[in-house]
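Look for chain A in each of the two complexes below; its partner is chain B in the first and chain C in the second.
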Partner chain A sequence: MTTPAQSHRGVIHDIGYRPYTGPRLGRRYATRSLYVQGLRAAFGLGRSGKSKVLPFLLFGGLVLPTMAIIAIVAFAGLKQMPMDYTEYLSYFGVLAQIFLAAQAPVLMSRDLRHHVVPLYFSRPASRGDYVAAKFASMFSALMILLTLPLLVLFLGAMLNSFPFGENLAHLCYGLVAAVLYALLYSALGLAIAAATPRRGFGVAAIMGGLMITSGLAQIVRGLTGGFSSVPSESSHWAELISPTRTIEGLVNKVFGTGGDNFDKMLAPGTTGVLVYAAVIVLLTAGSYALTLRRYRNV
Partner chain B sequence: MNTTVARLTARGLFGRRRILILLAVPVMLLVIAVIARNSAIDKLELAHSILGSLALGTLVPITGLITGTGVIATEIEDGSIVYLLSKPLPRWKIVTTKLAVAVGASWLLAALPTYLAGLILYGTADGIAAGYALGTLVAGTAYSALFLLLGVVTRHAVIAGLAYALIWESLIGNYVEGARTLSVQQWGLSLTKAIAADGAVTAPVGLTTAVWLLIVAAVGATALASVKLSGLTLNGEE
Partner chain C sequence: MSTVIKTDGLTKRFPRVTALDRLTVEVQPGVVGLVGANGAGKSTLIKILLGLSPATEGTGQVLGLDIATQGAEIRERVGYMPEHDCLPPDVSATEFVVHMARMSGLPAAAARERTADTLRHVGLYEERYRPMGGYSTGMKQRVKLAQALVHDPQLVLLDEPTNGLDPVGRDEMLGLIRRVHTDFGISVLVTTHLLGELERTCDHLVVIDGGKLLRSSSTASFTQATQLLAVEVTDHPTDRAFDSETVLRERLTAAGLRVRADGSRILLVELAGDDTYDTVRDTVDDLGLGLIRLEQRRHRVAEIFSTRLDENDENDENDQHGGNDEHGEHGGTGEEHEEHEQQAAAVPAGGEQA
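Showing the complex of A and B:
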């Protein structure tokens, strides 16, 4: 008969456990996996049918109007595109904002809520890699969303045999604008989404932030005389309140796009261009740094 | 009403410094009103763009969205609603209590600041401030009830609410006349028109229609939310 003292002697038995001895794929592979998984998650791929509905609805909402525009141009026999590439982005950009608001929390908040972030960080991928991978996923997803309609528009212009050189130049302006939007939106969206494990709160905060700053910028611009009969140039500085309008103003000034409307966004002068560019860079870098900081302690 | 549920709901909505983020919105409205007060532009036009477009058109839907879905959708999403549902409380009581908190929050965060902003900007003249305050009050109530229903019905409540507020009310409502009849924002505006002096505010929807639609929307949404909560099935994360 065994006494309790004998049975608790603390012997470790060799039960034939074998550690993994195969090749280890390492940090870079882990980061790439995170990126691919994030990009797929942004479109709901590999998830239930329900979570695919919204991303693809927004995707369709961004691409379908281009088809309509091309059809109108072809049937009405217009001599040029009714909408410039950069204009298209500012008209339908709100759909990309909704996409960001809906999907940034999918990338960030869910990992926080289920406490899996420490599990990621226990692998070779570091906190910098994690944030970089998520940022790259969101950026790529937004780029897909924003550039595809531009390419369709370009294709339509070519089919209607509009001048190639001019269209190519304007397509490039549109692509630059798309890159700026995607960079700034991803940085802002992920920073906000990473701050809260509650998906709903993240969605409302991102969308509310973008919408309210945009409305605020218009009102401040109106207050400073931007919409009077002789618009004051200094009122354009109000655009800096809103990230979206800042990009629009910068692009319109640098490339001379945006039509001849008196109420279009426009960076005031060379100083304006420099300040607007600096604000965009600072906002993007600042939000990215904030996201990075948030993961210092999980 | 159940005070314990109300207290817990309010803590979920405002707790952990969330109140500070929520308060940023009304504070901003007041700051804008103070700046606009010293502007040389026509005050009535300013009042319409600040109280009408910014407050009633943007802040109220966003606040209603956050409070309406915040009181119930977050709990459903993280599954903690089961602890509440397993208590011997009628489901309609849970819905009305949570709705009361949401409505109170939207009044505090949207209607009261709108009234103050109106007073700062325009004073009591023409009943503009009071009119917009009433408009945001009722619109906030209706938005809270509708968005609470959305929170019970769908997991994508915030997105669905945003789609309604942005795409239906702003985008389609701007171009299609008929869409305005089915817009909470326009119903609120009708009440604003009823309070304000003649000719100061224009509203596309008649007062009687607006009042009836408001009542139907708010009561109907609350009733439907109660029914839906009675048969709620909890889904896992998608």
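Showing the complex of A and C:
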């Protein structure tokens, strides 16, 4: 039974220190590695079993309802989807917010808390690369979370042989909305998470921020007559209080989605579209700049 | 590669403080100690050398690369071990070091291989698969060293690597640092505020205080030039009014020795040679006093600083000269040692002045 390979077993050669002569892939490779690590960490991969629970629970929470919708449509023989793609994001978007609140601190606060950040900055990747990689990680994670249900819905629509062109167009509207949510949420979430090395504070601040502004927007809108039978157009401006509702209003106005509900978010007129778009861009860019600034002196 | 680190008039000013003040120093390959009290500018210097923080004035080169424009290239070739804790507790040493290797640009397979090698070299074996939260301080310091070495840099900057270690751990760490140069062929810049522990490890010492270069010379010349004798004598047996310290100080100074007081009763005499002992003994005997204490003093940074206050002019010349001597790898060999002894005898305080 003794093969040549086995006869060599058990001998440890102390070969001493060997210098590394292989390739050094530099800054872009390092940034990419950081991005991949961040994306995995966002879903708890490469971390303890416990940290996988919440991300996958939320992931399931976003995807499973689509299966239910498809099943209902198939069994009840409905002629169209009960919910538009963008509407689905409005209803279940809160799960993405929880995901952001729970996982943005995983990406940012941990490195701050354990003082790992200086180790990154003593390596080829720069401060800007670090923030860019983390942003890309969070953005990608949110995109996976938000687009997968939309794709499942689209697949379900096709299986029920609903019109292809219309569904494709509305899927694209949904994807645009998903991109906007993912961009704005990532920028906001990371800026808040980078402000504190305490994970709990980060979670609370992000969740609280998104929830409170959203509720506040609804209240102000109600007070200004937004929910009466003939809603005043000016009451829609209250949507600007909440980042989430701003995106909703913009998407509904531009694509004409959101159904006929009188209480749907809607950017008021062309001015509204421009202002909403400007607010989204400014908020995203501003938060990103704030995060960059945060790391300038680490 | 002749010069590892070279700075010329490096200055760093913050709104309120000047952290580095026209620092000009040249460091050759080998183990170099960067000594200074807390707040002397050591960490600022390291940040600037890594290209992380721009200097207000002056220029510098690390491994022949310009710190102002080639930061990324420098960071690819340099390892850095920070002073503070930097290890996430829920990750194993292996995972952490592999990740850091990839952050330095090593491909995944090479990163794993180098991690296994490096952790073995710093003396971490089975425990490297456990989460680092359960590690002892000694083990943590080893992981920190490993992550600085994993990409096989040409130079490592170690910030207070012996912090928090017990005497045995400290000796092991110092031995490891020595090996990084002798066995791995990597140059080392190690900072500390304890001069004593570097005497055994370093070939060359650079002392800074308040952002200024105090001295840059080989370790051998350093200890030689600053050897001190502590002398304590009794009061005069009969004459109560006789101020024995003052009189002794005057006598010794008259005999050509440099003397200063340390506290109320102890005089510090600079050791100029073996006959200094005789001079002290004879002088004390001549005065009819009793000799309580005659011992060699181990140097601390604080003493070098107080010397500087006495000898500002001479040390300014030292600044000019700092680092231009050629004791890199061979500092401390017999030949150079002798050479420094002669210099030390000729100019006791300056040490490095030719």
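One rule holds for everything that comes next: the second predicted complex is superposed on the first by the 276 of 298 C-alpha atoms of A that agree within 3 Å, B and C clash if a C-alpha of one lies under 4 Å from a C-alpha of the other, contacts with A are read in each partner's own complex, and residues count from 1 in each chain.
By our rule, contacts are C-beta pairs under 8 Å (C-beta built on N, C-alpha and C of every residue); 3 or more make two chains touch, one makes a residue touch a chain.
Only a predicted model underlies this, so the values are computations on that prediction, with no experimental measurement involved.
Once chain A of one complex is fitted onto chain A of the other, the partner contacts of A:Arg294 are absent, as it touches neither chain B nor chain C. In the overlay built on the shared chain, the residue A:Leu223 is in contact with chain B alone; chain C does not reach it. Within the superposed three-chain model, A:Ser48 lies in touch with chain B and with chain C [touch as defined at top].
Once the two complexes are laid over each other on the shared chain, residue contacts for A:Pro124 go to chain C alone; chain B is not touched. Contacts of A:Tyr20 after superposition: chain C is touched, whereas chain B is not reached. Applying the stated contact rule after C-alpha superposition, one finds that A:Met211 touches chain B and leaves chain C untouched. Of the two partner chains placed by superposition, only chain C is touched by A:Ser33; chain B is not.
By the touch criterion defined above, A:Arg110 lies against chain B and chain C together after alignment on the C-alpha atoms of chain A.
Once the two complexes are overlaid on chain A, the chain A residues touched by chain B in the first and by chain C in the second are 47-48, 110, 114. Remark: chain A residues 47-48, 50-51, 54, 94, 98, 101-102, 110, 113-114, 198-201, 203-205, 207-208, 211-212, 215-216, 219-220, 222-223, 225, 228 touch chain B in the complex. The touching residues of chain A, counted against chain C in their complex, run 16-20, 22-27, 29-30, 33-34, 37, 46-48, 110, 114-116, 118-126. Residues 18, 21, 25, 28, 32, 35-36, 39, 41, 46, 49-50, 53-54, 57-59, 62, 65-66, 69-70, 73-74, 77-78, 151, 155-159, 162-163, 166, 171, 237-238 of chain B are the ones touching chain A in the complex. Listing the residues of chain C that touch chain A in their complex gives 50, 52, 71-72, 75-76, 78-80, 82, 84-90, 95, 99-100, 102-107, 110, 114, 117, 121, 147, 151-152, 183-185.
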